[in-house]
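Every chain is named by a letter (A, B, C, D, E and F) in the order it is written, and numbering of its residues begins at 1.
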């Protein structure tokens, strides 16, 4: 199952816990950004509620642009594509909210998400983490697939009582109630920041041919 | 229930009273603004009538831009995101009108809404407050959750007669018929105004690099 | 019923007569304009036919821009919001056409509509007033609510024969067949004109900071 | 029936013959143009086929812009509103094509359509006139309402045999197979042309305030 | 049937063979171009598949812009209207692909299509001609209406065996498998080219009034 | 079957393996690019899932723009048309993902795809290749049609066990798990690059006629 759990750190990728008709499963959220005009595209047979979750996650991140060291017009000059494989499997619900936010933060800061961590929780515009359903099934699936650490909403702690002793010993289960905590556990810092890239900027300039002549 | 009643003052947040199949409940309205092109986005499984309420609330506020100390092109340079958690629960109806207006005013003036106050009432473009349904259930829910003060439409006073003596003693119930009164009770002033931020403007300029050189 | 009949003169507001499943009623049409890009927004659960009425009313007014003393690009620099409370009650039909036109003229000229007057009638692009249904019920409702004067399409005069003597004595019923007459009776003049506001224009300039320096 | 048959010459108005469940009737097509961005709006509960007819009629006219003495960017700087009262009555079908074209030509050239003339016929992009249904009913309705002259597609001549002698004596029925003929009969000339308005252009300039100062 | 078979050469017109519930028929495709912003409009009650055919035909032609002697930004400065009379008759299917392409090439090069030729065949983006259905019915209809030459997909040759001897003697049936052949047979040359019109360009300039003054 | 298997190398074309109700088949993906504004158009009766596949394939390629030697604003200045003949046959599913990516890479780099190769596999935003259904039927169809080499997802190797010995001897079946491998096998290099065309750029300039005259 190595490929499904995404062992490698990668930029713009986060692992969610999903609750399906067949029990718990994990979901990979992929985010790419490229030059554009501020559009957000979401693919992977995503339902209305999950689309709204992605929009809420993006707005939360826009409101933290300064802390993430993103320039004023950062979001107006890129397009964002959020994709959730497998492309033919319908997905919905609010519980991917914090996973979407983590993948988006990773994509815009270009900082990879920590390895072997998965998460579930609804996000609000202010970054609060709301409880979700299917916790028991999600945790069992994470354990089965080899995840080491999972983040769950604080209000879902009560749902853990039924888990087998063995699972609780292997898995680190971290309750969270705000994105600040989610960010700390997924990036290893409370303040992930995009690095300025003055070199790249300098390289680009000649292509535009608008260099001021200093003489 | 501390997190649900939003004890902390926060900018861009207001608490409404909702009437659902399960009785009364409270609803948090969240508003974020960020650099943009004048778009309004509403998420949280919001029905047609409630979407139109949000648009009416926004237009009312646009017509008061000068009084709120917002610049001429203020609304053309931002995008506004209104979200109503929980994201998977469908919401509709006109009764969140004044709550939407209060959250929007808080967001654009950057002034927090007073604590422990909830409200219900349809808004018109001119700021009149129209009566709504489910007053008894809404008031009982507010009391149960720990709200101190609620605003209801003046024309709904007649619906209060059936409330238990005990509830009427604990809760301050304020009838309103215009947004002027709603604003006074939620912001503590009839004239909330956005502070000018000349410092920030000055800081931004160097980023644009278009300063005329005077020599 | 003071609030429903809108006793106060107000800008951008006109009172229509509606014909519902429950008999006649009055409808308030609210119009706000603000800086924008030429968009028209119509809210209040408005059906297709009534939306087209609003568009026809607006086009009629655009064709009279010069007579209303509106500048060449007046409509390209504003957005217009038409709202018809109560927001949850579906409304439709062509009979609000002239009321929509009156509310729009009031909003763009900033001249209030006369008090205690209500109206019904379909509008055409050229300002003709076409007959509508439910005249008897509408007139009775206007009388009941305290309206003093109502405008009805000339071709609906035949529908008045069944009204009680007492109603015809109290109410002034004015037949109209063109918007010229509607405008005269609602604004007290055949030529309502927006006042030039050179002072305001002068005040705006410094905000843009593009003043040529004459030295 | 004076108002229905539009006895007065008016700009942007043409009279069509319609075939309804209740037999033949006449339809007034109204066209307004005003400053805009090249948009076409069609109201009056118009079905898909009739909307496409209006678009075909407009494209035909755009292809004749030079002959109509319209400037190169004439259509990019105006919006066009086509309305067909009565606003609540659904209308459809291709047979209003030539009437739509005549009303549009009248609106853009500012030349009124001749009096007492009505017409029916599908239009193609190249201005051909195709046959339509309900000719007998349409002609009888035109006669009943007081129309003097009607234009019908040449291929519909065969449908006239069943008309009463009396109707054929009173009505002038003119078969047409191309818009050239339709234009000749409705405008009294094969080449209606918009008058240049140099005076108006000169008056506009001071409003823009961008005149270079030559000194 | 003279008008249906379009005896005259005309620009922007091509004749297709259609297969309907009533047997074979011919379809005229009309294309107009005029100043615009790169929009494609398709009218005539056209179904999804046929709309996609028109888009594929247009893309094929855009990819051949240089060979057709069209300027770099040719397609960005025009709007294209494709109409298929009779406007009320629903049409669909991929078999008008090559006819759409021929009408579009004629419109953009301003070169008329040869007389008395009709065609059927699906087009691909690279100009390949794919087989279609109803060949026997289409050929019989072409013969009945007086068409002299028809183009059919090479892979449909096998469908011709059932045609009567007499039809095969009168009609010239040309199999094609690429648009190169279709273009040769419909324009009489493999390389139709739009004529430069320097005179017209020169005439336009004074209208814009932005001529630099050289003194 | 020569035309179906596309024996010739061509730019912007790739061959997929499809799984239909009638068993396996091959699908040609065609891509054209031309001057435009960054739009993506997909035709050929393509379902939602396959449309999302095309968008994911395009985003993957945009994220590799630098490696493909595409300029910064390359994708903003072109429109892309993806077409999948036969135009009337509905197509859907995620399994054309890598074929879409290969056809797109060929179109934007102007490098033809190798001959006699077909492929199947879902693509993710990061270029991973996910398993698909119908492998046995697809391979048998490729063999029947004369394909020499096919690429299948690594995770589908297990589906090959049931193939006849004879098929496994004739066909080269290459398992892939990332687009890097797909690109190597379809272009013969891991790094296909668009050639700079300075000559063409130089030729274009005179067409714009805005050359500054230095004298």
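As a working rule, a residue touches a chain if its C-beta (ideal position, glycine included) is under 8 Å from a C-beta of that chain, and two chains touch if they have at least 3 such contacts.
Values in this document were obtained by computation on a predicted structure and should not be read as measured data.
A.B. asks: Expressed in steps between touching chains, what is the minimal separation of chain A and chain D?
C.D. replies: Tracing touching chains, the least step count from chain A to chain D comes to 3.
A.B. asks: Expressed in ° and rounded to a multiple of 5, what is the rotation angle of the C-alpha superposition of chain D on chain E?
C.D. replies: My answer is 60 degrees for the C-alpha fit.
A.B. asks: Let me have the rounded angstrom distance from the C-alpha centre of chain C over to the C-alpha centre of chain D, please.
C.D. replies: The computed centroid separation for chain C versus chain D comes out at 29 Å.
A.B. asks: Find the geometric centre of each of chain B and chain D from their Cα atoms only, then give the gap between the two centres in Å, rounded to an integer.
C.D. replies: 50
A.B. asks: Nearest whole angstrom, what separates the Cα centre of chain C from the Cα centre of chain F?
C.D. replies: About 58 Å, centre to centre.
A.B. asks: Counting only residues that touch at least two other chains, what does the list for chain B look like?
C.D. replies: Within chain B, no residue contacts more than one other chain.
A.B. asks: Would you identify the shape of the chain contact graph, picking one of line, ring, star, complete or other?
C.D. replies: It is a ring, because the chains touch in a row that closes back on itself.
A.B. asks: Could you spell out the chains in ring order, with the walk beginning at chain A and its first step landing on chain B?
C.D. replies: If we begin at chain A and move next to chain B, the sequence is A, B, C, D, E, F.
A.B. asks: Residue numbers of chain B touching chain A in their complex, please.
C.D. replies: Counting only chain B, the residues touching chain A are 3, 10, 12-13, 28, 30-32, 34-37, 41, 43-45, 81, 83, 85-88, 204, 207.
A.B. asks: In their shared complex, at which residues does chain C touch chain D?
C.D. replies: Interface residues on chain C, with respect to chain D: 38, 48-49, 52-53, 55-56, 59-60, 62-63, 65, 71-73, 75-76, 93-94, 97, 122, 124-126, 128, 130, 155, 177.
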